[in-house]
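Chain naming follows the written order as A, B, C and D, and within any one chain the residues start at number 1.
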Amino acid sequence: MQNYLDLLVKNGKEIASKGKVAGYIPALKKMNSNYVGISVIDSNKNIFCSGNTNIDFTIQSISKTVSLLIALEDRGFDYVFSKVGMEPTGDAFNSLKKLETVQPTKPFNPMINAGAIAVTSMIKGDSSDEKFERLLNLFRRIIGDDSIGYNKNVYLSEKETGNRNRSMAYFMKDAGVIDTEVEESLDVYFKQCSIEMNCLQLAKLAYFFSNNGTNYEGQKIVSDKNCEIVKTFMITCGMYNESGEYAIEVGVPSKSGVGGGIIASSSKNFSIATFGPALNSKGNSIAGIKMLKMFSEKNNLSIFR
Amino acid sequence: MQNYLDLLVKNGKEIASKGKVAGYIPALKKMNSNYVGISVIDSNKNIFCSGNTNIDFTIQSISKTVSLLIALEDRGFDYVFSKVGMEPTGDAFNSLKKLETVQPTKPFNPMINAGAIAVTSMIKGDSSDEKFERLLNLFRRIIGDDSIGYNKNVYLSEKETGNRNRSMAYFMKDAGVIDTEVEESLDVYFKQCSIEMNCLQLAKLAYFFSNNGTNYEGQKIVSDKNCEIVKTFMITCGMYNESGEYAIEVGVPSKSGVGGGIIASSSKNFSIATFGPALNSKGNSIAGIKMLKMFSEKNNLSIFR
Amino acid sequence: MQNYLDLLVKNGKEIASKGKVAGYIPALKKMNSNYVGISVIDSNKNIFCSGNTNIDFTIQSISKTVSLLIALEDRGFDYVFSKVGMEPTGDAFNSLKKLETVQPTKPFNPMINAGAIAVTSMIKGDSSDEKFERLLNLFRRIIGDDSIGYNKNVYLSEKETGNRNRSMAYFMKDAGVIDTEVEESLDVYFKQCSIEMNCLQLAKLAYFFSNNGTNYEGQKIVSDKNCEIVKTFMITCGMYNESGEYAIEVGVPSKSGVGGGIIASSSKNFSIATFGPALNSKGNSIAGIKMLKMFSEKNNLSIFR
Amino acid sequence: MQNYLDLLVKNGKEIASKGKVAGYIPALKKMNSNYVGISVIDSNKNIFCSGNTNIDFTIQSISKTVSLLIALEDRGFDYVFSKVGMEPTGDAFNSLKKLETVQPTKPFNPMINAGAIAVTSMIKGDSSDEKFERLLNLFRRIIGDDSIGYNKNVYLSEKETGNRNRSMAYFMKDAGVIDTEVEESLDVYFKQCSIEMNCLQLAKLAYFFSNNGTNYEGQKIVSDKNCEIVKTFMITCGMYNESGEYAIEVGVPSKSGVGGGIIASSSKNFSIATFGPALNSKGNSIAGIKMLKMFSEKNNLSIFR
């Protein structure tokens, strides 16, 4: 296994030069585009790492999986999906045209930004601080590491420059999708995107979904049902508007973030996290996709097989 | 003339019951849907009024004509139209999808909300108060009445509930169309929409455009060129997405507002304002359009004749 | 099992009255809206039927699964997906706006009409008759029944009234997506949609996909890889723009047709076909979805579990 | 005047090199991109020509003005506008997305291709030949020249390659906008686009609209009202999606064609035709627009003045 992962990282490093680090905020832009790492946990809980797996990076959109979980636990299936849809969109993750063109206004799914912001607005708590703390605590329990936190520089940059997300949020506020105070909900959202961990820690998140809500230490944290819902979205909408192609080529429930991380939760034998900040044109880690494709093919991981 | 205007008002009252007062804020909703008025200034400066012409109402989108004028005077043609386009859209006045779907982002024209907000952000001034004061003063000079002010209730309601406009503004901020502080620009915009006058005063605004920048009292206030630009937009985009039909049926440069007002500035003989808060499905005063159609046909006012 | 299927049919019949038989051509419209049937083949090849499983109906969009298979076999993965994408769209199955709005023109996936027409145009053959014959023969081998044919009335009606599909085809011809003669490709497409079978026969098609290209009689007909591709599309795009919700609620690769059929190919234990011509607003059999949801939940069939 | 026109042509020639001849069919592509001409008829019927005014070219979209006239005369205002709208679109002339996205399906105006095809389908006649003959005869009477005909090469090329127009036509057939046989209506449409004349002859068409339906020889051919309608569309939609900018910069009812012609019908003193096959990115003659802008400014022709 170790040798194979080393080979994957070598392949990932080669392709990384064709990608581009996310440049919309300085804090992301300065990340080394050459970093590539992969961490794998097998069904016997053995952990394998290769490449840059101890570098901290922000998880960005990967956080949408856990915010959906907490919203489902807090509000229940019916409430969450009365406000947010279940359909892939075919549009970019930061698109908002369908909020206007498809009536009634309902973000198409919880994995695009609009849907994720709406989901985050549903987290229970008396203040944005409390809401975020509840979410962060869930991350800490899932990963089994109380040191998990968020990157303040990234958060502040996101908050300052996040006007596209702000635009969506006000649109949804106007349409009654969001009923909380907009800036407070955005505050939680920008913080959750700035949660930071390394590739190995991220593999624990993948493990948690692979095992339907039981973490690496064996604690059952959320219901099977809610994990199954999240994994379904990971297939249909987890890789932005490259989800369909990724389902064909990898076929494992996965979620990417523009920070360069990807989690892949095979229900069979492997929980995988990859890291590689150089992104392709759809916003997915170019090395990550390469490695996951190779790993899935070799191990027959596609759930469509 | 007086008899004919009385006849028009009678016709307007009959059709008003088929329209609906703008209901998005309480302050507008409580307006009497049965009000109908028309004020006409002829080429000899004679003024004729019929119906409810002394009721104050907010001018709403009609303010976009004067904010465009001041932006053109402040910034010049090239700057203004580097940020805002000149094309009709075919979409509703509060649509923002084209901000996303047509690249680079540029609101299509200064008469839709997105374009008008961008235009307002260009008004010179050290603060939103100073910007608005400069705009309000221009209104007072044009109409020749220093008592013109804005309706605070309406303004506060617009500010509180204007999240669709806020959404557009943040989108344009993100895209670099607006480079001022968003909430400050919106503040000026919400105030300008809340400027209040009666139908007779509004006819003075129509007169000013009919006479290419010279007001009823004979003062030349802005350049012919800038008035001509505004009048062109009044034909191509002045009546929301009913502009094309209105150009066919009335054919006079006009601008409507959801407060129920319309100005019509024939370059020939007549300057007209109508009032009628009951709106049709496109957001235009149903009685106003009826009266203007009859008046234009009788007097051969279409500029396309 | 038999009792359980009878219960499902009872549930299906109850909900069928809330749906509506496809009405765009007379031949479909006259189908009895009360028909409901289900056929199940288990992993031991036992066959269970309940309800109206011996009524012939046209398979419509279900044919897209087999036409994609033959195009993949004829042209290879790279060629097919150079012309047709892999992404869900979020739009209706007969939408063509993305052909214009997303450049370069490429139908988003092979399960929407535009993509399916493009796929059908790739089937090899010297004439439209030969192309269709090759496709029909594949159906016959898969189902193991040489009597499978198509309904001429339905075909002629589709051909006569299929101007929306014709519109898409000419758009794609113009954009270079289709390089065959348009009317000939449409002819094959209209015929494939008119292929007729009953629910039990349809279950054999589901079996074939469940078993990665081996039919009920044990013949290996196409490659595992190509079946896997089709099953992936069945999850991401198989149920029109209800695919995402269906993936959450049923979670089994499935394909529906407006004739009222659905195939569901669990890779675990069951191959299922349902029939119920009363459709919901998305164009899927309302009774079929109800029965499949119940069956999947009871038997834990979701591939995301 | 002659000297001034010579100066305009000099300016036109200079800018022509920045444009591009329409290249979608060979017959258009081989036109000399350096041709520039202008013909002006003043209010005393004096005719002035400068540059390449005796070269025949196809009038393309300029034909939409006359086909609208004949449809209005044949069917009346109410019928025509029950099928085709009156609003500018903001989209390209060959766009069809709004046919799908705005319900009920109704091409937005008679100057975009979709609307023009629908209008042409309304021309009375027992066959496509008779329909076209009636249209051609109207052209001959308007221009006062029985030798006016169409270019068969261009017509055949348009017919062969016109799949985008075919796509629109079938969409509209499906939606009930067109109720004639599609290929027959397209046949008339492709022929009308291929009607050929030179710049001087085209100026006679401009004269006819300037004079509300009376031709250069003094014959009253159609009603004032219908000419007024056409001229209104010439302002709001006559220059493709550059109409708004052109209204600001030239301000004269005008219609362009991708063959390089433009007619401009000032109701004041001048009827103008320009020719210059090099087009800008919106599909309008780059030299033509330059010359018309200069001419309008010098002579104060804007109807918004």
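Assume contacts are C-beta pairs under 8 Å (C-beta built on N, C-alpha and C of every residue); 3 or more make two chains touch, one makes a residue touch a chain.
For clarity, every value in this text was computed on a predicted model and none was experimentally measured.
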Separation of chain C from chain A in steps, with touching chains one step apart: 1
Distance-maximising chain from chain C - centres being C-alpha averages: B
Inter-chain centre distance, chain A versus chain D - centres from mean C-alpha coordinates, in Å: 54
Chain C and chain D, separation of their C-alpha mean positions in angstrom: 46
Per-residue overlap in chain B, given as positions that touch at least 2 other chains: 101
Complete list of chain pairs which touch one another: A-B, A-C, B-D, C-D
Sites on chain C touched by chain A in the complex: 85-91, 98, 102, 108-109, 212, 224, 228-229, 231-233, 235-237, 241-245, 247-248, 251, 253, 267, 302-305
Touching residues (chain side chain C, partner chain D) in the complex: 95-97, 100-101, 161, 163-164, 166-171, 173-174, 182
